Amino acid sequence: MAKKEFSFNEAVIEIEDILRNIESGDLDIDKLSVEVKRASELIKQCQKKLRSTEEEINSIFKDMV
Amino acid sequence: MAKKEFSFNEAVIEIEDILRNIESGDLDIDKLSVEVKRASELIKQCQKKLRSTEEEINSIFKDMV
Amino acid sequence: MAKKEFSFNEAVIEIEDILRNIESGDLDIDKLSVEVKRASELIKQCQKKLRSTEEEINSIFKDMV
Amino acid sequence: MAKKEFSFNEAVIEIEDILRNIESGDLDIDKLSVEVKRASELIKQCQKKLRSTEEEINSIFKDMV
Amino acid sequence: MAKKEFSFNEAVIEIEDILRNIESGDLDIDKLSVEVKRASELIKQCQKKLRSTEEEINSIFKDMV
Amino acid sequence: MAKKEFSFNEAVIEIEDILRNIESGDLDIDKLSVEVKRASELIKQCQKKLRSTEEEINSIFKDMV
Amino acid sequence: MTEKLSLTELQLIIRDSLYLALPDMYWVIAEISEIKENYAGHCYLELIEKYPDEKNVRARAKAIIWSNRYRFLKSFFENITGESLMEGLKILVKTKVEYHELYGLSLVITDIDPVFTIGEMAMKRQLVIKKLEEEGVFSMNKEIDFPAVPQRIAIISSKNAAGYSDFINQLTGNSSGYIFYTALIETAMQGTETEQGVISALDKIALNSDLFDLVVIIRGGGSQSDLSWFDSYNIAYHVTQFPLPVITGIGHDKDMSVTDMVANRALKTPTAVADFLIDCVAGAENNLIEVSSEITDISRIIIEKNRNRIETSRIRLIPLSRIMISEIKDRLSGNIIEIINIGKEHIIRAGLAPANQESRLVSAVKSFSSGKKSVLERTIQNLTDFTTNALDRNNIRVAGLGNTLSILKPENVLKRGYTITSFNGRILKKSDQVKTDDLIDTQFSDGAVKSRILGKFEMGI
């Protein structure tokens, strides 16, 4: 389910929001690790998505040649 | 049916659209593999069309020369 | 009927039109085999016409000598 | 009637026109056998005319010398 | 009547005209036989003129002396 | 329990309040030492919090790379 | 003058005197005005000399040539001059003057010089020629075109002359069977009537000139003499003015008369004239035959030329047609090859688009995912950096707070030699908080003292 609803683009936007928050310095240190965790989680999902897409495409290309 | 309605030219135009989309980088990664699949499918059909046309030409003039 | 109305010259003109069409590169590949088929048909008719003309001339020649 | 109206000169001119036409390659192949037939017909008539003229001349001066 | 009006000299001039005509090479075959026929006619008349007696002339002479 | 409820931000605010109080010199001599103690306690806790957060983040980053 | 003489005596005196006075022979020039031969063979002449006008007689004498001498002189003269002794001739003669009592004066001719007569005749003829030439008429008859076929002939001759019948026989007996139409106009061909006769004959013919092709003047064959009749200026002049060609056949071997000279043609004999006319007609006929064979030859050449032309066309017709067909065949084969080549080329060209698109697709995908990857990497980097920054910032802040605290810590203040003074537990910051005699506590780093205020001072330092 999670995968299906995961949007690379939305994730990137959320990550950038978090980054902006961290960068601004307004962020409570108590929330910092939570946010970082969230960001890292999103990044991982993005990477995973990229990898899976790449694999898919590779298999498509394999068919083509 | 599919073969009959397949147009080489339209296929090339569609592929070009897809390419532009991918090349612009605006494309949602979630749709990337779908688009690539479509494009590769179209390219295959184009090549098939070219091969069949060539064979046709060869067979047309086989008896004649 | 077909024979009677067949014009060698018109056929040659049509063949050359087709050639020019193909040569120009503007021709849709989808139409290429159709045009090539048409051209080959015309060429066959031309050859037939040539053969019959040749026979006719030979028979005239036989009379003359 | 035909004989009476036959003109050697016109026939020769027509024959040579036909030959020139054939030689130039401008002649429609559709008309070639018709033209060849016509030319051969004219040639026969010319030969006949020449023979008759020769006979005439021979008979004219037979009595004289 | 015809005899009376026939002039050897005029005939010779006409015959020589015909010869010149034929000699010039411009003469049409169609006209050749006509001209040759005319020439032979004139020559025959000339020969006749040389050998046949004409009563009329004799009587005129007789009157004169 | 204490940990759970510990807020880095609130601690920093409290420390700054204490420091301001000390600086102002309005403090009772008895309270002064209490406040100093309190402040140094809070600073320790902050430092601890920072350290633990850093460790947490480091471990998150370690996962990521 | 008293003595009387008889006529005889006188005549004898004249005779003797003449004899004594003219003992020699004399060469005398004179013109014969009369000449006759008598039964005995003697020749009696009357000699005259005219004035230069050639009309009036200036001197006249009788002459005689005795028969024995005459026979010799006659043939001698004729042999040399080609002329016989006749009226009008000028002669040079050797004479002896004799006088006979019965016949009177006469010149006895013993010799004659024919050379003189020849010269005289020649001179006379020359004068005639010169006159004709000066009048510009000499060659007028020659300039008339000779008829191609001289068939109608007017003959001037005398009927009984042998020459005439020779001429007619020759003409009618021609082997080619040519017909000639002749008309004889008779006239004397010698003697004094000759001139008038020939001229009137010519006039008669001229009136009917359209009936004739030419005029023939012929004279009997054999006669060598009397040629000089035709040296007549009048005859010659009429001939030059004649509208038809005149042919002479007057019959002589040596010389030509003036008439011969001005005639269109002069032939020696009537027979020669006839042959000439036959030749003319034969020539005309031959000419016709030649022309006709020329016509035949040229016609045959024309026919042959045209036959060749037709034959050339015939020979070319079929090969040309075949060449045309095979050229068109080649062109069609060329079309086939061209269509195949161009078609394949077209396919290759069309194939470039998808092939290009394919490689573009691969690289676009690659750059797409590498773009995304780099975005993620940058994000990770930013996250790390920003987080580290945030931690550092807080570390510094906390450290700053620690420092401030340690500076503010009382024990540290005391260690540096400061003391804390308090009054009733409250830290003293201002002097007005206490008054003299108040007890104040002063804390040192190592203990405390209690003190009484002795006095107060204004800050004056």
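In this document, chain identifiers A, B, C, D, E, F and G correspond to the written order of the chains, with residue numbering beginning at 1 in each.
By our rule, a contact is a pair of C-beta atoms (placed from the backbone, for glycine too) under 8 Å apart; a residue touches a chain by one contact, two chains touch by 3 or more.
Keep in mind that this is a model prediction, so the values were computed, not measured.
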Q | Chains in simultaneous contact with subunit B and subunit F | A | A, G
(Q) Comparing the two chain pairs, does B-G have more C-beta contacts than C-G, or is it the other way round? (A) B-G
Q) When the C-alpha atoms of subunit B and subunit E are each averaged to a single point, how far apart are the two points in Å? A) 98
**Q.** Approximate Å spacing (C-alpha centroids) for the pair subunit C, subunit D
**A.** 33
**Q.** Inter-chain centre distance, subunit D versus subunit G - centres from mean C-alpha coordinates, in Å
**A.** 34
Q: Determine the centre-to-centre distance between subunit A and subunit G, using the mean Cα coordinates as centres, and give it in whole Å.
A: 110
Q: Quick one: which residues in subunit G touch 2 or more of the other chains?
A: 289, 292, 296, 299, 303, 306, 314, 317-318, 321, 325, 328, 336, 339, 343, 347, 350, 358, 365, 369, 372, 380, 387, 391, 394
Q | Numbers and ranges of subunit F residues touching at least 2 other chains | A | 8, 50, 53, 57, 61, 64
(Q) Please list each pair of chains that are touching. (A) A-B, A-F, A-G, B-C, B-G, C-D, C-G, D-E, D-G, E-G, F-G
Q: In the complex, go through subunit C and note every residue touching subunit B.
A: 28-30, 32-33, 36-37, 40, 43-44, 47
Q) How about subunit A: which of its residues touch subunit B in the complex? A) 7-9, 49-50, 53, 56-57, 60-61, 63-64
Q | Parts of subunit G lying in touch with subunit C, wherever the complex brings them together | A | 314, 317-318, 321-322, 325, 328-329, 331-332, 335-336, 338-339, 342-343, 346-347, 349-350
**Q.** Parts of subunit G lying in touch with subunit B, wherever the complex brings them together
**A.** 333, 336-337, 339-340, 343-344, 347, 350-351, 353-354, 357-358, 360-361, 364-365, 367-369, 371-372
**Q.** Residue numbers on subunit F that touch subunit G, as the complex places them
**A.** 8, 12, 15-16, 18-19, 22-23, 25, 27-30, 32-33, 36, 39-40, 43, 46-47, 50, 53-54, 57, 61, 64-65
